[in-house]
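Pasting the structures here.
There are two complexes below, and they share subunit A, which is joined by subunit B in the first and by subunit C in the second.
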Partner chain A sequence: MIEARELRKVYKVNHKQPGLKGAFANLFHAEWEQKVAVDGLSFQMEQGRALACIGENGAGKSTLIKMMIGILTPTAGEIRVFGTDPRRGGRGYLRRIGVVFGQKTNLWTDIPVIESYQAVKTLYRLDEGMFRKNYDRVVELLALQPLLSVPARKLSLGQRMRADIGMVFLHSPELLFLDEPTIGLDINVKHTIRTFLRQMNEETGTGIFLTSHDLDDIDEICDDAIVLSGGRLIYDGTLDQLKHRFVQDKMIQVTGKQERDIRSLLPLARIIMEGRVVKIVYPVREYSSAEVLAAVSGCFAIEDITIEEPDIDEVVSRIFAGEGML
Partner chain B sequence: MRTFWKLTAISMQSHLYYRTSFFINLLSPVALLGGQYLLWAALYAQQEGGAIGGMERAEMFTYILLAFAMSNLLNWAGENTLAREIKTGLVVARCVRPAFFLTQYMAQMLGTLLTQGAVNLLLVFAGFACFGKYMTVPSVSALIAFVPCLLLAVALRLLMIDVFSLLCFFTTGYLGIAWTRAALFDFFSGAMIPVALFPGWLKTAACCTPFPYMLQVPVAVLLGQETMAGFGMPGIYGLQIVWILVFLALHVILYGLARRNLTIAGG
Partner chain C sequence: MIRIFLSMKAQYIKTEMEYAANFWMMLLSGVLSRVVSMAAPFVIYSNIPDIAGWQKDEIYLILSFLFIAEGLCSVLFEGIWQMPGMVFAGEFDCILSRPVSPLFQVLSYGMGLQGISVFLVGAVSMPVFLRRLGLLHSWGVVMSLFLILCGTVLCMSIYLLGNSVVFWFDAGGRTALPYTLSQLGQYARYPLELYPGVVRFLLLFLVPYGFICVVPVEILRGSVAWPWCLGVAGMSAGFFLLARAVFCRGIRHYESVGM
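Moving on to the complex of A and B:
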């Protein structure tokens, strides 16, 4: 579905000297420097998958999306989506994809939302049956009914984003590009949008390429991930592998009577007692989960047990704290 | 064409949606027309009825009304829509819609000027109906020659605005570009002062720019005046078409350059 090979994008930016003197000097002598936004990126995304693009600010995520949707030209390298160059795919290509930028709306701002939806029907040449089916579905799942008669300009950020996400599904895109779709939204709206996107990905097979700083978005929507740093690819694989490679500790939480001291069996683990609840934080390099579970079952009359999954927040903070390249 | 007309309808609908804003935008330039009338009335009073720059009082008042109607087809907000979208990054929405960039732009601008154009036409009719005896009434043959000239003039102006707006991809100072464009248009098109009143060298210089073909020339055709280009009607249409092609070429070049080194606000 997406195939990028040695993709590179370099911007020419005006380097200005600091201060008033520098401002005057720049009027007569501009200094240009090259800024590498994307540097030799190669990756693939299969049909129907949900891929997260993780990176700090300025890592090249948005530039990458703009090259994939065909509005930016790569400086070098090659990108193919559905087997064609997005820049040359023209209107046919744009009809197969959907794009949502969290900070910008695709709705026409001064007309009611429903009019924007009708415009999509004309622009994408949708037949009435297909349009009605998709329309009914997004209106129901995103609870859009009360918003349809309101111009986008008058919607709150969360309402507008729901309307934007709904609009992008009207033409049944095969691949969806989402750039920070939940930025600035409250927890309820985020949950609605994540659930909707995951459902559409699973039910309709719409591929999703997502960039987000909200790691819960990534965790709930995506299966795979690429990690960018300074425009370079530092990880390409599944989200689960990413978590497990970077997680140093795991935790098991046990409720029940302790019949034997577990410290003797797991001397390198950290034991935190909270009344009848015991938290066992163990280094994954020293103990496997099976070993820990065996030790727990030998030491406790277990009433309840919870295994904490590794947290993507922790993974990402470790990556960007420079705790290891992949 | 369905896409084009749908986008035109959306643009018209957007303008009509906010009632107060619509009426203010529509009618406020009429004050400017009143000011121009008073200015020229004072100048002609000093001439004691004589011609100014070869233009009689009746001819001038007709010119003012027609020039106003054509110049005011687009207001400041409408003209700068694309430039603002480029500056804020909202232009990306146009780039991902399955319609040509230029088609979307032309449809949107047409929607803007159709509503204003209808009002301006009413004003022109009202002007002729009330003050026709003090004005030069165009002949039917002039009117027939004028219509295609007007359509070409409008297309030329829209493309000129488009090209200036695309320059905003390369600088953050969109207001500077917009003011430059407005100043060039207002002066060289004859919107402020008829080009016929310019000194010879300036008239020649103006003739080498596209601006008179957006306003002065069509009005001159309608009033049966000698066009400053000195060509017959086929020549005038031809020159307008040549300028349209020049701006189309500039659009293709600038849009292509923007896509090669484009930075859209907000990442």
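Moving on to the complex of A and C:
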């Protein structure tokens, strides 16, 4: 569905000296600087998948999205979506995709939400049946009913985002680009939006390409991930593998009576006692989960046991701290 | 397309009317500023009987043409003035991600409230002065409507051309050029014979405000022959194509350098 090969984007940035003097000098002699935003990126995304693009600020995520929409022209390399170049796909291409920028709104700010929806219906030339079906669905799932008659500029950020996300589904897009869709939202709204996106992805097969700082977004919505750093691709694979590759410690939590001291069996693990609960943090390089479980069952009268999934926050902060480059 | 355009405008009027005080203030300020500018010829002509062969009523007719074109532009195409802000704030990305002509989206955006009253002042005064000049017959009216149409398109094209500069020189969402152009246009409200040749050329062909108001009156009073209205039509079509081409170039430039 999406195919990028050796994609590169270089911006020309006006380089100003600081201060008034610098600003003045710039009037007569502007200095330009090359800034590489995306540097030799290659990846693929298949039909109907949900792919997360992870990266720090300035890693090139937004630039990448804009090149895929066709708003920006790549400096070099090739990008294909649905097998064609987005820059040449024109309106036919734009009709098949949907775009949400978390920090901007697609709604017409001065008019009621429902009028914006009607405008989309006319502008995309949607037939009544399809529009009704999609409309009823987003209004129900995102609880938009009370917002419909309110002009977009009077909505709170969370309400506006729900209305924005709803609007992007009206024309049944095959592929969605979401740039930080939950930025600045409270936890309830985030949850509503994530659940909705996941559901739409599963039921209608709409592909999702998502960038986010919020790693829970990524965890709840996406199956696959790419990681960018300084415009370069440093990971491309499933989200699960990503977590496991960067995880150094895992934790097992046991509730129950300890019958033998486990320390002698797992000398390299950290054992934290919290009353009846014992947490065993073990390095994955030294012990396999099976070994640890065997040791635990030998030492405890187990009442309850949980294996903690590695936390994606931690994974990503490790990646960017430069540990264990791929 | 036209239906959605008009329905958007209706929405904007509805929105503006929600703030009643502001609505009436804007209308009033539009009327006042235009009535005051009509007072200038009144003062001049009460001292001097004749300027370069032009009567007072003819000057008022020039102003009427200008007000109608400006007013319509402001009501219908206010989005052009908001475009630099959109480009600066990155909202232009949203426009480019919809499968609809960016120009249509820009034009349909927003509405200038003052425009309504400016248009009304023009629309009231025009028939009055047409009648005083004995031009209120079917030929004169048809001709006037046609010239108004051309003038409005021309006015829109000048604004579009000026504001498209933002794609190349983005200075915080503002550029001085469109304002300069519209200020220059204010000189086109007097008979062009008053100006030296260079200025006349400037007001006719570089910033063609002359074709919005002075030339139409010249055609109506018969000081130039009626085929000149073809020149007016040609000028407005030409300028529109030019402005649209620059706008499209601008978008392409935006696409290749934008952040």
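The rule is short, and it goes like this: the second predicted complex is superposed on the first by the 325 of 326 C-alpha atoms of A that agree within 3 Å, B and C clash if a C-alpha of one lies under 4 Å from a C-alpha of the other, contacts with A are read in each partner's own complex, and residues count from 1 in each chain.
We adopt the following convention: a residue touches a chain if its C-beta (ideal position, glycine included) is under 8 Å from a C-beta of that chain, and two chains touch if they have at least 3 such contacts.
Everything numeric in this text was worked out from a predicted model, so none of it was measured.
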Subunit C versus subunit B on the shared subunit A, clash or fit after superposition: clash
First, second, both or neither for A:T105, with subunit B first and subunit C second: both
Which of subunit B and subunit C A:A119 touches, first, second, both or neither: both
First, second, both or neither for A:R95, with subunit B first and subunit C second: both
Contacts of A:K12 with subunit B and subunit C, given as first, second, both or neither: both
Touching partner for A:K66 - first (subunit B), second (subunit C), both, neither: both
On subunit A, the residue positions that both subunit B and subunit C contact, one per complex: 11-12, 63, 66, 69, 71-73, 87, 91-92, 94-95, 97, 99, 101, 103-106, 108, 110-111, 115, 119, 122-124, 151
Complex contact set, residues of subunit B against subunit A: 2-3, 6-7, 10, 13-15, 17-18, 89-90, 92-93, 95-100, 259-264, 266-267
Of all residues in subunit C, those that touch subunit A in their complex: 3-4, 7-8, 11-12, 15, 89-91, 93-94, 96-100, 109-110, 255-259
Interfacial residue positions of subunit A with respect to subunit C in the complex: 11-12, 63, 66, 69-73, 87, 90-95, 97, 99, 101, 103-106, 108, 110-112, 115, 118-119, 122-124, 151
Complex contact set, residues of subunit A against subunit B: 11-12, 61-63, 66, 69, 71-73, 87, 91-92, 94-95, 97, 99, 101, 103-106, 108-111, 115, 119, 122-124, 151, 179
